[in-house]
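Let me begin by presenting the structure, written as structure tokens, before commenting on it.
Per-chain numbering from 1; labels A, B, C, D and E assigned in written order.
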Amino acid sequence: QMKVGFMATLSGPAAALGQDMYDGFMLGLEQSGGKLGGVEVEVIREDDQLKPDLAVQTVNRFIERDQVDVVAGITFSNVMMAVANPLAESGTVFVGMNAGPAPLAGERCAPNFFFVGYQNDQQAEGVGKYATDKGYNNVYLMAPNYQAGKDAVGGFKRYYKGGIAGEVYTRVNQPDYSAEIAQLQAANPDAVYVFYPGGMGINFIKQFRQAGLLGKIPLLSVSSFDGSTLPALKETALGAISGSFWGADFDNPANKKFIETFEAKYGRIPSQYAAQAYDGALLLDAALKKIGGKYQDKDALKKALREVDFGSVRGAFKFNKNGFPIHDMYVFEVAPDSKGRISHKTLQKTLPNHPDSYVGKCPL
Amino acid sequence: MMTELLRLDSLVKHYGAICVTDHVNLTVSQAEIHALIGPNGAGKTTLINQITGEVPSDAGAVYFDGQDITRWSVAKRAHAGMSRSFQINSLIPAFTARENVLLAVQAARGHNFYFFAPVTGDQSLVNEADGFLARVGLDAHADELVSKLAYGQQRLVEVAIAMASHPKLLLLDEPMAGLGPAESERMIALLDSLRQDYGMLLVEHDMDAVFALANRISVLVYGQVLLCDTPEKVRHSEIVREAYLGDEDLDD
Amino acid sequence: MTEPLLEVNGIESGYGVSQVLFGVSFQVSVGHCVSLQGRNGMGKTTSISTIMGWLPCWRGEIRWQGRPIQNLPSHDIAQLGIGLVPEGRQVFPNLTVWENLVATAKPAQGSRAWTVERVFELFPKLAERRKNFGDQLSGGEQQMLAIGRALMTNPRLLILDEATEGLSPILRQEIWHALAALKAEGLSILITDKNLKQLLGLCDHHIILQKGQVVWTGTSDEFRSDPGLRQAYLAA
Amino acid sequence: MARDLRTFVATSILIFLAAVPLYAWLADDVYVLTYFGRILAFALAAIGLNLVLGFGGMASLGHAMYIGLGAYTVGILSSLGLLSGWLHLSVALVTTFIIAIPVGWVALRTRGMAFIMITLAFAQLFFYVFVSLRQFGGDEGLSLTQLSDFGVLTGNKYAVYTSLLVALLITLWLVARLVDSRFGLVLRATRFNARRVNAVGTSSQPYRLAAYVLSAEICAVAGYFMANLNGFVSPAMMSWLVSAELMVMVLLGGMGTIFGPIAGAAGLLLIEDGLKLMTEHWPLVLGPLVLLMVLGLRQGLWGMLLPEREKARQSGGQH
Amino acid sequence: MTFNLVLGQALNGLQFGLLLFLMAAGLTLVFGIMSFVNLAHGSLYMFGAYFAATIASHSGSFVLAVILAALLMFVLGVLLDAGGLQLLHRRSHLDQVLATFGVVLFANELVRVVWGNAPVYMDAPEALAGAVNLFGVNYPSYRFAIIVIGLLVALGLYLLIERTRIGMLIRAGATNRRMVSALGVNIGWLNRFVFALGAALAGLAGAMVGPILSIEPGMGEPVLILTLVVIVIGGIGSIRGAFFGALVVGVVDTLGRIFIPIWLRESLDPAMATAVGPALASMLVYLMMAVILAFKPDGLFPVKARG
């Protein structure tokens, strides 16, 4: 029996993401009959409570006590950074399902790390490209003042060639944006680009709309108006643009099956977080199949993970040498889906076969 | 002539429009009990607070032992040899009677930055504290938490603390308040026995005590010293009788 | 006229695990004044606290006009018509004098009902300080306020625990006069005080407590005629 | 009798903690060292907080800041290539001293709720400073490429655990002596009545400040150990939630008791983990449990074992 | 920068302040006046928001949702008090902190179990969707409604506490419950009423902010901290203090957020300015609190007397 240590943020305000990841992963597992590559699997579920020190302890337990074969999950970058060292040192296979911080794609990349989600900057880069394609020449940038926010702005700027109307970093978990919105309005930009995950995004867009700006000024975003917040936003977010590598309306067999079974089981449209984790399960399943279920052979498993084609819900998928994916970036518009529910509608592909920007620094 | 311990030079305190102490002049000498009497709200407690420094004065000066201490902090004044009891009990409820007194005893020995040796292991400190408790007749209650003592007993702890910091001057704000007749008598005897060692400023509404103890009496009315004289004179002063004493039979 | 208002029968009570009262009994009749005496720490305040429901009554019973009231919540006890002037004043520091008086006031039926004006008449000093907060008052002023506050509930029984403590002699005399007048109006009084002479003048009955037990009870005349009493129970 | 019981329980707990490395070695289960190491580190910090909160009545909601200072000293120095463990420790102590004095001096001007909030404010200031220090990882923290260097013992989990345990025992002993000393008497007195302390001629402020600085130092040592346990430091260690958790540990264990913080830290963390094993919705159980403990125990886990009189002492004699 | 810009932003600050006051009002009542440190106040606010969102989505009426949410919270307040919190009224502040911390844990998890992990939906009513013109500034009408309600609550509370006998009794009870009850007042009921009123105000605030903020588990804690800051800066124990404290925090925070980065950009090199500016702006409220408390330990508008 193979052991998978699954750790995510499953409590606190950000628990929605972790829960989606867990649901997605378990769904993938269930579809292959509770087995991965024919091997009976025991999933040890742990909540990191978004506390880095607790996460380190838990990962140590996975490695030292439980002696798991695979560590999976991890919702937030700061938790990822905290556990990167012990994971890299132990050599245990790690399948990351959301957080993809830059240092781990670059100088601190490790041969046992496989990020089935995305590198943090990639989605932003796609939106930057979109803004350039649209011919915007005066974009206003906003993000919370922490590393992920700065990365999201940096990624955008990397592919955006026009001018910048303003660059504002707000307080983490700021409730009120009226002053910033007034300032933004005064700058009269072509478009606004924001990175406001979770509750911050909800606060922002509600207030943006009440100021009468939604629909007037194009609103571009990443990780803000996604599957985790749309149910709370509904028509409030109609028309907002967001960048990702996956959308619920993707028309490929893997995705169709995923959407169908997920909705049937959980009664909601899956989010990107569920999709990534589901992909993680598919990935493990395919890799293990390839090596005939010999999960004890770590090197073979790593090799298989790196090479296997598992039929991702996002379509084309390939691991780069740093363990981060090369995949297509898209932008979406918040719009009603075929059943009239508010979801994402694919607008266009922006960056096909897009590698991350840090792979050059990876010594592997 | 006795040496002068405390001299108040024209002390003033206003609260808003009310002038609570109005240019008060007063002296207390070594080995003297100077009683301060006056109607309720005349400013007696305020005056004591001004002397100890808890209430800053608006004008005037306080001299103690020849020094101008008007701007000194509470702790510094206390350290220089000025000690008070509070009109309303102000003890450490979670401490035993002994610990309460110890606090004062050790304060008198300079700073307390001794982190290591247990206080109760220092026999000289403990003995001294017990000595003061014995003097107020509480030796049997040394180990009781003061919050469990009856009100009257707590008053006695107040006095013991006041003595324990080796003061030159005792400022006593209604030490008899809350004491029964018997305890009052005991307190009077106690204060009487202390008079050689300290100068005392005694605020009290218990006239038996005042007339039994005081060498001099000052009468404070509306913040002003109406009269400062011997007990005999004060007792028979018509104004004092009218403003303060009424027709209380003093020879009860 | 001697119908009992408050009866205390063999109550036992204390703090936490330490027992202080060991069976205290007495009664206060309508229109009577009763004094509780004893040296410091003998249980006077504890008796009063138990009557008021501040302390649980472990054993025995307390009756108000024949109805048992021990261990009722204190507000119910107070509502029966008991006004308390507690030991240590306990005025509300964050209320003004005026607010202290009216906050818990209860209207009374009779023409001689206590009102703010009447309290200010009794204690003119309070009128001067009506806008001051409780903790800005001098000790004596607080005592006046505590008495005024109790009177404003227009009680049938007034309990005074060391109510003249800290008052100037002239004011003390006024209080004694006022109490005499109140008694004459039919108010019942339970009082502890150290001014024996005044107590003897005012009260009909005296109860002496020693170590939580009643050791003597009698009238003022009986008290006066027993010269050993003072020495035995009240002196040091 | 109660005293014997307390001695018995305390010794059992300490013996248990001392037996952990032995078990780890015999059962070849290094994880128990990590696990109980974290409990020890929190217990150490809680002892520090208890010094001001429990004995001095100063409810600081900012002590995580000192944990962070201790931890970041290790992180920053080792990222600069300065590895000596003794250097880390002494720099942590000195930095904390330099910062705790002015912070404490200002904060101690206030009391009660204002003190809680001003200590929180200072902690938040430092929190934001470290969040914005990009060169040291910002909010994503800093991985230690190398732990504090102690020769052959470097990074040895047994050594880290054992030294942490020794540090805890020494601190425990020092605090036990301290509260009974002349200094301790003044400190405990200020908790209940600073006015009285001043009136006897002891200016209370220097004593409160000294206690504050001392407790900050203890927390810094705890932070130093946490950095070495986790091999990682991050601003999350100094978030107000950690300060709050420390406070909960002290209260849960029993304010102003010597052994309480250890009981509180172990209690909270163990209960939390135990509940997590039983249900995914563990806070649904933990919450009411905490509430019931406050209502039922009054003086915390350790206080439960105290005799009546000591309980009364803790509550300032009120019933 | 123009005077108009500053004025406009000052207005934004004022309205943020009023939003804060609305959230702080119930807490002031329970903590400031009744002296009960209720960390669970944030949870009550969260429940208010969830109740309102649920009622609004079922009934479609926003007004009904707000009113019912406040009423439900009043009832819940009564139940909570009767169900054990009353025992905490006479405990020390620290006991209250610990016990209500337990309640917070429970409440957040309960919300997660009942409503799920994800935030829930609530929108402003149609009638308030537009904007009004205020001093030449275009103002979202919904914000305007919040300002009006904030002011009404402030006035109502002020009158209740300072001008009524209930208010006097509440204040008296905060310092000496025993004495209040010995004067014939059922302090238990009084406290229950105040607590429930506080809960209703929290519910009202939660319901009112539903359309502009995210309704999610744990939404109460950041607000709790901010409102505690407001109360302490204003001076514990007075409605006036909380009101002005909220305005001060609102204005300083807003102006700081906007203008500190601008000033820094003028005086430092841009890279430095983008690094320092937002960090400084995040610290501003706490910096302000530290400075104010260092100089005025009792806050800006201390109550005249305290027990």
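Keep in mind that, in the parts below, contacts are C-beta pairs under 8 Å (C-beta built on N, C-alpha and C of every residue); 3 or more make two chains touch, one makes a residue touch a chain.
These numbers come from a predicted model, not from an experiment.
K.L.:
Output the touching-based chain groups remaining when chain C is disregarded and all other chains stay put.
P.N.:
Apart from chain C, the chains cluster as one piece.
K.L.:
Touching both chain B and chain E: give me those chains, sorted by label.
P.N.:
Touching chain B and chain E alike, sorted by label: C, D.
K.L.:
Looking at the contacts, which chains touch chain C and chain D alike?
P.N.:
In this structure, the chains that contact chain D and also chain C are B, E.
K.L.:
Which chain has its C-alpha centroid at the greatest distance from the C-alpha centroid of chain B?
P.N.:
Looking at centroid distances, A is the chain farthest away.
K.L.:
Relative to chain C, which chain has the most distant C-alpha mean position?
P.N.:
The chain farthest from chain C, judged by C-alpha centres, is A.
K.L.:
Roughly how far is chain C from chain E, going centre to centre by Cα mean, in whole Å?
P.N.:
Chain centroid spacing, chain C to chain E, equals 44 Å.
K.L.:
When the C-alpha atoms of chain A and chain B are each averaged to a single point, how far apart are the two points in Å?
P.N.:
Centre separation, chain A to chain B: 74 Å.
K.L.:
Would you mind pulling out the distance in Å between where the CA atoms of chain D average out and where those of chain E do?
P.N.:
For chain D versus chain E, the centre distance works out to 31 Å.
K.L.:
Calculate how many whole Å lie between the centre of chain A and the centre of chain D, each centre taken as the average of the chain's C-alpha atoms.
P.N.:
The separation of the two C-alpha centroids amounts to 37 Å.
K.L.:
Two or more other chains in contact with one residue: find those residues in chain C.
P.N.:
Residues 15, 136 of chain C touch two or more partner chains.
K.L.:
Multi-chain contacts in chain D: which residues touch at least two other chains?
P.N.:
Chain D, residues with two or more chain partners: 131-132, 134, 283, 312, 315.
K.L.:
Among the residues of chain B, which are close enough to touch at least two other chains?
P.N.:
In chain B, residues 148 touch at least two other chains, as defined above.
K.L.:
For this structure, enumerate the chain pairs that meet the touch criterion.
P.N.:
Chain pairs that touch: A-D, A-E, B-C, B-D, C-D, C-E, D-E.
K.L.:
Enumerate the contact residues on chain E facing chain D in the complex.
P.N.:
Checking each residue of chain E against chain D gives 37, 84, 87-88, 91-95, 97-99, 101-110, 112-113, 225, 228-229, 232, 236, 275-276, 278-279, 282-283, 286-287, 289-290, 293-294, 297-299.
K.L.:
Using the touch rule from the top, collect the residues of chain E that touch chain A in their complex.
P.N.:
5, 8-9, 12-13, 15-16, 19, 108-109, 112, 116-121, 123-124, 129-131, 137-138, 140, 142-143, 211-219, 222-223, 226, 254, 257-258, 261, 274, 277-279, 281-282
K.L.:
Report the residues of chain D in contact with chain A in the complex, numbered from low to high.
P.N.:
Residue positions touching the partner: 29-31, 34-35, 38, 131-132, 134, 137-141, 143-145, 226, 230-232, 234, 236-237, 276, 280, 283.
K.L.:
For the complex, give me every residue of chain D touching chain E.
P.N.:
53, 59, 106, 109-114, 117-118, 120-122, 124-125, 128-129, 131-132, 134, 240, 244, 247-248, 251-252, 255, 281-284, 286-291, 293-295, 298, 315
K.L.:
Which residues of chain A touch chain E in the complex?
P.N.:
11-13, 15-16, 19, 145, 167-173, 175-176, 178-180, 182-183, 186, 198-203, 206-207, 210-212, 228-229, 231-236
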